[in-house]
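Here come two complexes built around subunit A, the first alongside subunit B, the second alongside subunit C.
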Partner chain A sequence: MSTTSLPVTGADSLGSPEPRSGKPAARLADARRALVPYGYLTPTMVLLVVLMVIPIVMVIGYSLMDNVIMKKNPQFVGFKHYIDILTSESFWTAVTNTLFFTGVSVIAHLLIGLAFAMMLNTGLIGTRTKAIFRTIYVLPWLFTVAIIAVLWRLLLEPNGVVNFLLTASHLTGTEVEWLSSPETALFAVTFINIWAGYPFYMTSLLAGLQGIPADYYEAAQVDGANAWQRFTAITIPQLKPIIISMALLDFIWTTQQFALIWMTTGGGPLGTTEMLSTFTYKLAFSKYQFGTASASAVIVLVISMVLAFFYVRAQKARD
Partner chain B sequence: MDRKLRRLLGKIAVLIALVVGALFAGLPVLWMLSSSFKLNTDIFAYPPQLIPPNPTLEAYTAIFTDPVKVRFFLNSYFISLSVTVLTLLVAVLAAYALSRFEFPFKRVLNVVIISVQAVPPITLLIPYFGLIMFLGLYNTYPGLILTYMVFTLPYAIIMMTGYFNTLPRELDEAVKVDGGSSWTALWRVLVPISVPGLVSVGIYTFMIAWNEYLFALTLTKTPEMRTVPIGIQLLMGQHSYEWNQMMSMSILGCIPILLLFLFFQRYFIGGMTAGAVKN
Partner chain C sequence: MRKKYLAGIAAMAAAALAMTGCTGGGTAPSASNEGPVTLEFAQWWEPELPANSLRSLMDKFESENPGIKVKLISGPYASTKEQVVAGAAAGTMSDVVGLDGAWVNDFVKQGSLANLTDLMKSANFDESQLAAQVKLDGSTWMIPVANFVYPMFVNDDLLKKAGVAAVPTNRTEFAAAAAAVTKTGKNTSGWVLPLDTATPNGIQNDVMSWVWASGGSMLKDGKPYLVGNTEVKDTMTFIKGMYDAGSIAKGSFTMKEQDKVNEFTNGRVGMMIDSLAHVNLIREENKDLKFSVAAIPSADGYSGKRGMPYASWGIGVANNSKHQAEAFKLVSFLMGKDVNATLCNSAHAFPGNTQAVPDFVNSDPIFKQAFEIYQAGTATNEFTGLPVAEDLMRSFDEQFQKYLAGKQSADDALAASQSAWEKAFSG
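Up next is the complex of A and B:
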C-alpha cells in the first residue's frame, strides 16, 4: 500500500487549485482539467466494470434465482440455494479438504522456503555455488500448473519412478496408487502443491534476508547469542512482515486452486480431493445446477474477500 | 583451529542440505527432460532409467509435425504477448492518473483495484460463460485476451503506480514549463525511464497469461483456439497415454518462461518480490 497511499501534491495538483477568477472560460478549463485523470482511467474502468463488476452482480443475481441459464423464466427463490449448499454434506467435505490442502501447503511452503532461503544466504558457501543451487531451487516455479500436473501424474503412476524408489528403499512394501486411492490422494495433491509453490516464498524471503543489516547479527554475537537465539531474535522478527503478507496471499491463492486438482484427481476418488473450486465447477458445468453453483461461487468470493481484508490490513500495518 | 574445524563442518552440513534440496526440486524436472527423449515404450521400463536407453527426438518431431499442436503454441504466444502489451499500455495510463493526479473517489478506486486481485476466478467463471457469449467473444482471441487482462491489470496498475511515485515530480513539471501536456510528460519522460518497472510487470503478466488454464478451458471450444496448458491436458485425454509427447510438450511449454528467467533474473526476483511484498 506504500504505493498507493502516498500524499499526492504535484504537477497537476487538481486537489488544490489556485483561486481562479470566475470567468466562464476559466471555469471550463478547470472542468476539462478535472476530467484529465478520468480520461487516463477510462480503459481500466471500462474493463473492470464490464468484466468484473457486472459478472459479480450477475453471479449474485443467479444465486438468488431458480436454476438460471437452463430455464427460460427463472423465479426468484431467495436464499434457498445458500441453504441447500450450507446443509449439503459434500460442501462441507470440500471445505474440510480445502482447509487441509491450503493449511498444510502454506505451512510447508513457508518452512521449505525459509530453509532454502537461509541455506542460500549463508556465508559458508561461495557465491557461484549458491547461484547454481538457487537456479535449481527456482525450477518448479517455471512450470505452469498443467505441466506440473502431468509431470507428477507420470512420477506417481503405480509403476512409476516414485513407487520404484520407495519400494527399492523398502519404505513401502507394495506399489501405491497415490492419486487414485482415497487414503493417499489428498496427501499426494497437497505434496504436489507444496513442490510447486515454495519458490515464491524462497525468493521473497531471500530478498528479505539480504535486507537485514549484518551489524544486527554482529552485535548479537558480541552479546554471546548462539545461532538459534540469533534466528529467533533477529531473523524471524525482521522477516515477519514479509512472512505474514506472503502467507495470506498464498492462503488466498491456494483456496482458489482449481487447475492442479482438476488435472490430477478431478476431485476424486470418492470426493476425497474435492475442493471448493472443483465442487463449484462441477455443480455448474457437469450438473448444470447454475443457481446452486452461483451460491457456492458467492460463498467462495466472500471467503476470499475476508482474507483479502486481512491482507490489506497487514499491508497497512507495515507502512 | 577449533573455529576452522567448526566452519568446515558447518560448510559440509550446508552442502549436504543443499544437495538434498536440489534433489527434491530438480529430480522431477530432470525426469521430465529425460522422459521427453525416450520412446513411449521405455517410459515405464523396469528398473527406471534416468538416461534414456534409446534416446530419440521422436516425441519432439511428433509435436512439431502436427499442425494442431504447433497451433497450441502459436496461440499461447500470441495471446500472452497481446495480454502483456495491452496490460502495460492500459496500466501505464491508469497508474499515471493515480500517481500524479488528485481526484474524487481516488481512495475508493485504490481499494477496488487492490481487492479485485482477490476475486476468485471460479466466481467469475459462471457469469463469464454467458457474458462472453453475449459479447460474441466465445472461442475467440479477444475473449481470452480481455479476460486475462482483468487478472493482470490490478497488479500491473499497483506496481506501476508505485514505480511512478518513486520518480521525482520535477521531471514532468519541466515538460509543463516547456508548454507540454500531461500526455507528453507521460510518454516522453516517465515511460522511457520506467523501463525496469515495465519489464518486471511485463514478465509477471506474460507468466499469468501463459499459465492460465480455467478460462482457456471454458471459453474456447475448437482445437485451433486452444492454448498450451489445454493442449497438454488434451494429450492426457487420448486413448493411449503418449507420456513422452506430454513431456516434450511440457519442456517446450516452459521454454519462454525459462528464457525470461535466465535473461531477466534480476527483474524477475526483484519484481515479483516487490509485488508480493510491497504493494
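Up next is the complex of A and C:
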C-alpha cells in the first residue's frame, strides 16, 4: 500500500488564503474575487427566477384567487379552487385517462425501445443493414407533434389507409372510427404516442448496450449461461440506471402531453381522451377560469415534482 | 488580472440585464410624443389573405397618415386568440386587435377593449356606413370588417348521380337527398358534420344554423333558452335521424372544420354548410368538382326570412393603448368604402361597409349566388357577444354528442346544456 501526500501550500492558496494585512485595497480585491463566481452564475440565476420562480409563484397565487386575470379586483378564496377541482368528476376522469395514457405509453416505449435497441446491437446483422434500420426506427422522433398528429389523423380517418388495409384484408367488416369512437379513441391516441416516443428509449438504450463490456457476456457464456440468463443477469442490471431515469423522465413528459391530444381528439369523444393538460387548458382558455385552471396546474406541478424527486434520487444513485 | 475580473463581472451583468430585457416589456408602444407613432395590429387575417395584400393596405394608410406606422402582428386564428387573451390579461394588448365576436363579451368584462362609441364620436365617424356593430350595454366594442357567410355547398355531380333533381329547400328534402347520396357509393355520405370539441364551432355553423335558417332562436330575452325550445329540439332530432340512418360522414365526433372541407373537396360528401372563404380553396384543390351554393334548408312549411350563420373579422381598439385616436384612424381607414371593398375582395368576404361592393360579388357566379342568398336572408350568429361563447358551444357539443351516441335523450341533453349555459351566463 502506498500513500501520496499533497503539497500543503497548494491547498492553502486555493482554499484559505492567508489573511492579508487588512489594507482597504487588498480587501476590495478579495471581495471582487469572491464576487466572480456569482457573476458567472448571474445569467442562470436571472433566467431561473424569470422563467421558473416568478411564473410558478404567480400561478400558485392565482390558484388562491377568484376572478383572477379577468377582473381587476380578484378576491382571495383560499383553497376553494382546489376543493372544486378535487371534487369534480371531470378532473378524476382526466386523471384516470392520463394514468392509462402515461402508464401504457411508458411501458410500451420501454419494451419497444429495448427490443429495437437489442436488434440494432446484435452482431447477427451487418453494419449497413443496421444503419438502414437505425434510420427507419428513429424516424418518428424526427417529426414534430403537429406533423405526427396530422399524419395519424389522415391514416386513421374512416376513409384512411389503415381502414382500407383492414377492410381489404377482411380483418374488419366496416371502417372503424379510430379517433372518433368513444370505444377506441383512448387506445388510438396512446398508440400514436407510443409510436412517436419509442426512438428516445431506443437510442439511449442502444448507447447503454454498446457500453456493456463484451467480456461479461463471454464470461457468462463460458459459465454456461443461456441467452435469457445473459439478458436478465447482465443486460438488464447494466441498463437499470438508464431505464429508471428514462422511465421517470418519460412519465413526467407524458403526463404533460397536450399538443398531440389537442390536435387529434381535443379530449373527445365524450371526454374519453380528456387528459389533465387538456382539462386545464379548457378551464383557462375556454372558460376563462384562470383561478381554477391555476389550481389544476399546481396539482399537476405537485405530481411532477414527486416524480422529479424520484428522478433526481435515481440520478444520484447512478452517479 | 483585476481588469479581467472586472470585465468578467461586467459581461455577466450585461448579459443578465439583456436577458431580463428580453423577457420583460410589453407590446404597447411608448407614450412618447416625439417621432412617429407605431401602432401594433394583431390579427389572423394576413396569413389568410393573398401575400402582401394587407401590408399594401397598411402602406397606403401610412402614406395617408404621416407620423403613424403600423406593425402587423400576424398568426393563425388560434394563436392570435391566445395572444390577445394573454395581452388583455397582462395589459399589453396590441393597439388594434382583430376580434371574433365570440371573444367580445369576455374582453369587455375584463375591461381590455376601448369603447368604440366614444372613439367614433371623438372622430366624428359616420356610423351609418357600418353594416353591423357588436354592442354590449349600449356601447360598441367591435366592428365587423369582413363577413363570411355560411351557405350550403352542394356537390352537383353527386346529387345528379343520386337522382336528386333539385337542391333541397326543406329538411325532408334534405334528409332524402342525403340518404340518396349515401347510397351512391361505399365512401360517400350525404352530409358532413364536424363536432370536434377542441374547436367546437361546428355547433354554431353546422347545428344551430338549422335553427336560425327556420327563424328559430336559442335565446329568449338574451338568456339561454334550450329547455322547452321546440325549434332546437326539432333540429337535434332531425340531425339524429340522419346520423342513425348513416347519412352523415363517419368520424363526426372528432372532425374539424378543415376535415369537413377536405371531405367535400374530395367529392365524398354531397352537401355541407361552410364558409364562402373556402370557395377558392376548394377550386384550387379539386378543379373538376362541380359545386354550387344554396340557402340552408328550413323546417318544412317555413316561409319567413332565413337566418344564415356568419363569422366576422372584427376589429377593436385596446383599452391599454396609449394611441387610441391613432388606432381608431386605422379602424376608420379599414372601414372606408374603397379600402373595405379592396380588403373584402381579397378575402372573398362580404363587406362591413354598407356602400362597399367588392368586384367578386358580380364577377363570380358562386359569389353572386351567395350574395343574393345573403341579401334575401338575415346574417345571424347568436353566439356573438355571449359570455364564454366557445365554452357554450363546447358544453352543448358534449351533450349533443352523448345524444347522438344514444347515451341520453334530447331532453336530457338540452337540460344539461341549459344548466351549463346558465352557469356560464351568471359567472
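By our rule, the second predicted complex is superposed on the first by the 300 of 319 C-alpha atoms of A that agree within 3 Å, B and C clash if a C-alpha of one lies under 4 Å from a C-alpha of the other, contacts with A are read in each partner's own complex, and residues count from 1 in each chain.
By our rule, a contact is a pair of C-beta atoms (placed from the backbone, for glycine too) under 8 Å apart; a residue touches a chain by one contact, two chains touch by 3 or more.
A quick note: this is a predicted structure, and the numbers were derived from the prediction, not measured.
Of the two partner chains placed around the shared chain by superposition, subunit B is the only one that A:W152 touches, whereas subunit C remains out of contact. Once the two complexes are overlaid on the shared chain, A:F200 sits against subunit B while remaining clear of subunit C. Touch criterion met: A:E177 reaches subunit C, while subunit B stays clear of it. Contact with subunit C, but none with subunit B, is seen for A:S286 once the two complexes are overlaid on the shared chain. Legend: residue contacts after superposition of the two complexes on their common chain; A:N226 is shown touching neither subunit B nor subunit C.
Of the two partner chains, subunit B is the only one that A:V161 touches; subunit C does not reach it.
In the overlay built on the shared chain, the residue A:Y40 is in contact with subunit B and with subunit C.
Contacts of A:I69 after superposition on the shared chain: both subunit B and subunit C are touched. In the superposed model, more residues of subunit A are touched by B than by the other of subunit B and subunit C. Look at A:T127: by the touch rule set out above, it reaches neither subunit B nor subunit C.
Residues 36, 40, 43, 47, 51, 69, 153, 157, 159, 262-263, 285, 290 of subunit A lie at the contact with subunit B in one complex and at the contact with subunit C in the other. On subunit A, the positions that touch subunit C within their shared complex are 29, 32-33, 35-36, 39-40, 42-43, 45-47, 50-51, 69-72, 153, 157-159, 175, 177, 179-182, 185, 262-271, 282, 285-290.
Contact residues of subunit B toward subunit A in the complex are 7, 10-11, 14-15, 17-18, 21-22, 24-26, 28-29, 31-32, 35, 43-44, 46-48, 90-91, 93-94, 96-103, 109-128, 130-131, 146-147, 149-150, 153, 157-159, 161-162, 165, 169, 172-173, 176, 182, 185, 210-211, 213-214, 218, 228-230, 232-233, 235-236, 243, 246-247, 250, 253-254, 257-258, 261, 269-270, 272-273, 276-279.
Interface residues of subunit A, counted against subunit B in their complex, comprise 1-6, 8-16, 34, 36-38, 40-41, 43-44, 47-48, 51-52, 54-56, 58-59, 62, 69, 115-116, 119, 122, 124-125, 129, 133, 136-140, 142-147, 149-155, 157, 159-161, 164, 168, 195, 199-200, 203-204, 206-208, 241-242, 245-246, 249, 252, 255-256, 258-259, 262-263, 276-277, 280-281, 284-285, 290, 293-294, 297-298, 300-301, 304-305, 307-309, 311-312, 315.
On the subunit C side of its complex with subunit A, the touching residues are 2, 5-6, 8-9, 12-13, 15-16, 19-20, 23-24, 81-82, 85, 89, 106, 109-111, 187, 195-199, 249-255, 259, 268, 388, 390-391, 394, 398, 401-402, 405, 407, 424, 427.
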